[in-house]
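So, here's a batch of structures to check.
Note that chain A is present in both complexes that follow, paired respectively with chain B and with chain C.
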Partner chain A sequence: MFDKLFYQEKGLFLQSLHPATVLVYLNVLFVLSLLYQNPLYLLGLFFFLVLLIIEVDGMEAWSGFLKAGVSLMLIIMIINPLVIRAGATIIWHGPELPILGKLDISMEALYYGAVSSIRLLVIISIFCLYNLMINPDKVLNLFSKVAGKSVLMIALSTRMLPTMVRDLKRIKEVQQFRGVDFDEGSLWARVKKYSCLYNVLLLSSLEDSLEIAESMQARAFGSGKRSVYSRNILRPRDIICMVASFLALFAAIWGLQYGYGQYTFYPQADFLIKDRITLTTLSVVIFYLSAPIILSEGWKNCRFLKSKI
Partner chain B sequence: MPLFKVENLTYYYPETEKAALRGINLEIEEGEFILVAGGSGSGKSSLARVLAGLIPDFYGGRIGGRVFFKGKDIRTMDRRKLAMEVGMVFQDPEKQMVQSYVEAEIAFGLENLGLDTEEMSRRIAEVISFMNLTSIREMFTANLSGGQQQKLALAAVLAMQPHVLILDEPTSQLDPVSAEEILNLVKRLNEEMGFTVIMIEQRLERCFHLADRVLFIERGEIVCDGKAQEKACEAIKMGLPFVPPVARFFADLNFPSVPITVKEGRKLLRSCLRGKKPTSKIQFGLCRNNVHVEDLREQNSVVSLKNVWFTYPGGQEVLKDASLDIKEGEFVAILGENGAGKSTLLKHMIGMLKPGRGKVHVLGKDISKNGYKEIRRLTAYLSQNPNDYLFQDTVEDELLFTLKNFALTDISVVDEMLEKFHLSRYRKTNPRDLSSGERQRVALASVLVTRPRLIILDEPTRGVDFRLKADLGKFLQKEAEKGSTVIVVTHDVEFAAEFAAKVAMMFSGRIVSDGEKHEVLGKSIFYSPQIGKMCMGICEGVLTFAEAQEIIFPLIEDKRTITLLRTGENA
Partner chain C sequence: MGTNWGFYTTMIGIFSVALLMFSMEKKGELTARQVSITAVLAALCAAGRAVTGVGLLFLQPTMFLVEITGFVYGVQIGFFVGVMTPLISNFFMGQGSWTPFQMLCWGMLGVSGAVVKALFPGAGNKTLTTLCFFWGYLYGAIMDVWQWSVFMRPLTFKTYFLILAAGFSFDSLRAIGNLLFCAALGYQTLKILQYFHKKMDIQYLEDL
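This part shows the complex of A and B:
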């Protein structure tokens, strides 16, 4: 059921990028989503991310991520106007409440809540994109040289997790057939029943871990300094995407220095588009960020480009 | 100079007073294929671990005697150098995977050896093409089938380019087709690439003929060592059951040299039976185990599946119009390859899954609607892993746990079960301190204390030796004779042929064949026991050793025939 939310190899262009390229690119997107205040810029990023998600065939996964994010969005949109008193345009005068004080709802606070929700959507979409674009094992492999043992521990845990979930399901079935009702009894009684379940899982996992350790020892683990097998290949497409990511970041920082991308909500909301450069800066940043999408389309439709990148 | 030389080896595991290995003397030459056979806990795996350098390094304990590899004392050898020379593949493929992806798993051993990227890439490419793993190289290891995982485990060891390959029951978790694939690979490695192979196996019918030499181990000692063909007769005379059925058949007839393959057996059987017609199968086959098919038709249906369809949430259609009717007192084996839908079918029988379409009635209850709670008091279910049952402090507590949950007050059944399963002396022992065979008996006892009418077992013979398998089979037969219904899901064709009365075969979610075991297995080429394969077309309907004894022995035991044959052989 949750398989769709995680990485699946589909042979797509965006999945063929070097993990370092993907990390740089997604980090640029993440930094921009935090730096930008202007709702137009955040909306621009959001629609751009939708394009990227379509490009990695991830709409189904994205809808799963959004479902989880919608409740958070609603909370932000409701709480913000209730607690923020900085807005000048009051649209509803509410009663006096014990802790919150006078409940006046301002349009600016509502606006800020809505923009924060868009930011949240953008961040959720970036995480979704990470899951769709990058094989977690390749990311671990990237850090093997600097943190070999930690990476190995994460890899072992990743591998063990589905096994343990399956074991737990099987042990629960066994216990149910031995007369245990997990949904009956007081809370304490149910906690006790589940503790037995986890007890079996823990005992079996400890025994299994010895077998894994033995297999590791038989394959010379701990017999001396390890080397690292890198399976990641750096291609021209990675260089192009990395350069484009940095150019997008520089263009965004330049713009922010001059106020393009900044926005003031309180006491009164700023203009959305101050001048033509507001749109030009956004277009330049989006253009640079579009490098992977442009290359991906070229890779799909142009044999010449495919052979060169 | 021998590759391995073992001198007077004795070994005790930590905190034990009983030696796991006693006075072992052994020499292994380069390029040999050695099969190590013996009962559970006889010391086979301990010997393998000594040769791989894991005992005493990994396990600790007390060791006496010496083990030399290429003339050097194995204990003084550098661990990395030893791992480059001796590779070991373990029983359970899932419990030897370290990495989450296939290619990373193959690279793991090479990284441990500190090889450079170029060398690693070359070796990985080579082993992936040799083992035909290209299609799965990017896959998540947890998503692989058992056969693929064991192939990967073998590939991960082969990439380290050892000269010796030690395999500890590498096929015990696999279906017959995957097992055959692994064994063929091992044979190729030995014959074409000169690997020295030391293999421990329980299912000897699969691999006895592959070995140049067999070692029989009992109570930590080598009791028989020599060429497979020669030692088969000797082993039988010594009362050891660790010989494939074809060899046992001819050895019992006092043939001086016994065949060890079906091909040789068929040739010899044809020459023995020349001109003689064995009796019709009607006279023996259908009435074994005191169960008549006609009688069963009159009995009540205990499990009835009618046109059951089932699709998992991911969209995988696993059961397709499966129908099966199992009567009271029947012993039914369900066979089929991995992924055929056996376990899903079993989960419908115990009410853990509800069918998308169709009806499931068990013990007269419609469990397709109401689930497992209606039947569990009268149903014993033993899963593939006996460890799933063991968490109490003592064996006795495990049995009492089930009784208490069902509010049963008659605890005299505990003594009865402990006695029946030879567990009385372990009453106060922690079940996790017992051997695998004993653990299985505890798990079985813990579900049988409710005196169930229906006993369902999922792969109960995995990794179980001949003797324990026979004990289990006989016990289940007795329960069926007493009126309980027994259903076993298994890959073990020999077990099904020997002990079950009925067999159902599954393929791709369908029950493709269902009936009396002679009807189903007698017609099958691949799902037929070794004796059945030997007799196919010569003496129809014979499946088991006992049936062969009953039908063929009287015809062959004609001394003149044997004398003539011997004369012919000598000439």
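This part shows the complex of A and C:
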């Protein structure tokens, strides 16, 4: 059921990038999604992310992520208009409530709630993209020089989690063979049976951990400086994408300084498109951001480019 | 309106988690046994969180385990088990910008267990259960700070309390779940973990 949500090696161009490049690129997207206030810019980012997700062939995973975000979206959209009094265009005069005061719902507050949920969608899509584009083991490897043991522990326990679930099933089956019926008896009796299960699981996995420790020691863990087995190569494609993402970030920050991408909601919502530069800034930023997509298309369709990057 | 607090809080979360993890790792050399026991306990907690998080919604039998780990094994292991629990279970439940704050909360939960040990070395399961109950609410309150700063405008106490009130029933569920799980399973867990603590504690003759 969850398989679609995780990283799968599909041999795509976007998956062949260096993990550091992908991290820089996704971080730029994430920072932009938090810095931009203008609904038009957020929508632009959103549609751009949809393109990227199609490029990594992840529509199925994305719909799973979106389902999880909908409830959070609804809360934001309901609470915002209820508490915000700053809007000027009142569309509904509500009754007097004890804590909230007078319940007036304004157009601008509704609007702000809607824009916030677009931002939420953008953030969710970025994390979906992270899961699709980058092998988690490679990311961990990237940090293993700085904090080797934390990374080792994270990798170990990520690997162990499915084992844990499998062990739990196995222990349950063994108990069932011995005549324990988990669906029988009062609630209290059933809870007691399950708590036995938990005890066995805890004991056996701690026992296992001692064995792991012994095997780590047998492989000379902690006996000297850490050595590295696999290395990631930094190719021209990585440099192009990294430079492009920094350019996008600079363009965006330059634009924000002059107010392109900023937006005021209260008391009255601003114009969506103030002048032509609003659109120009957006398209420049999106152009720089689309470097990986352009390269990916070139990689698929142009042999010359493929040999060069 | 101009300052973008959502951005700042998320960044503060990421940097403080990274800094804390880094300093905790450098705090003392971890032995192979400590590394593997941390990994196993974190996997167990994460499995508990991921499996029951879907099935039982907020009744997650994990907070007490993290706390007792901190209580038995001390600050370093308690912190790492805590920090890794949401990180790893979110690989399966969905990573997001909420992860750093969750990691902070769970890490502090592990540390709080160790603090209890330092203040009251003889504390039993009752103290831990009470603490676990309050952590149910504290966790909700801290996570609400994140949600509030990212998605709410204007940032006033009123909007914060509204978010808190909106999540109150969930927080209570979590707190009561913690209470029940810790009361039911805490004593045995404490015994098992203490047994293994004795078992993995090696002293070499030359150090004595």
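Points to keep in mind about this one:
Simple rule for what comes next: the second predicted complex is superposed on the first by the 285 of 309 C-alpha atoms of A that agree within 3 Å, B and C clash if a C-alpha of one lies under 4 Å from a C-alpha of the other, contacts with A are read in each partner's own complex, and residues count from 1 in each chain.
Operating definition for what follows: a contact is a pair of C-beta atoms (placed from the backbone, for glycine too) under 8 Å apart; a residue touches a chain by one contact, two chains touch by 3 or more.
If you're wondering where the values come from, they're calculated on a predicted model, not measured in any experiment.
Contact with both chain B and chain C is seen for A:156 once the two complexes are overlaid on the shared chain.
Looking at the shared chain after the overlay, A:75 reaches chain C, while chain B stays out of its contact range.
With both structures placed on the common chain, the touch criterion links A:34 to chain C but leaves chain B unconnected.
Contacts of A:105 after superposition on the shared chain: neither chain B nor chain C is touched. Of the two partner chains placed around the shared chain by superposition, chain C is the only one that A:127 touches, whereas chain B remains out of contact.
Once the two complexes are laid over each other on the shared chain, residue contacts for A:221 go to chain B and to chain C alike.
Once chain A of one complex is fitted onto chain A of the other, the partner contacts of A:279 are absent, as it touches neither chain B nor chain C.
In the superposition on chain A, A:240 makes contact with neither chain B nor chain C.
Judged by the touch definition given at the top, the superposed model places A:203 against both chain B and chain C.
Comparing chain C and chain B on the residues of chain A they touch gives the larger count to C.
On chain A, the surface touched by chain B in one complex and the surface touched by chain C in the other have residues 136, 152, 156, 158, 163, 199, 203, 208, 212-214, 216-217, 221-222 in common.
Per the touch definition, chain B reaches chain A in the complex via residues 52, 54, 57-58, 78-80, 83-84, 87-88, 90, 92, 94-101, 103-104, 107-117, 120-121, 124, 138, 141-143, 153, 156-157, 160, 313-314, 347, 350, 352, 372-373, 376-377, 379-381, 383-385, 387-391, 401-402, 404-406, 432, 446-447.
Taken in their complex, chain A has these residues touching chain B: 1, 3, 9, 135-137, 141, 152, 155-156, 158-159, 162-163, 167, 170-171, 173-174, 176-181, 196, 199-200, 203-204, 207-208, 211-231.
Within the complex formed with chain C, the chain A residues making contact are 2, 5-6, 30-31, 34-35, 37, 65, 68, 75-76, 79-80, 82-84, 86, 100, 112, 116, 119-120, 123-124, 127, 130-131, 136, 146-147, 149-150, 152-154, 156-158, 160-161, 163-165, 168, 191, 195, 198-199, 201-203, 205-206, 208-210, 212-214, 216-217, 221-222, 262, 264-266.
On chain C, the positions that touch chain A within their shared complex are 1-2, 4, 6-7, 10, 21-22, 25, 29-33, 35-44, 46-47, 50-51, 61, 80, 84, 87-89, 91-92, 94-97, 150-154, 158-159, 162-163, 166, 184-185, 188-189, 192-193, 196, 199-200.
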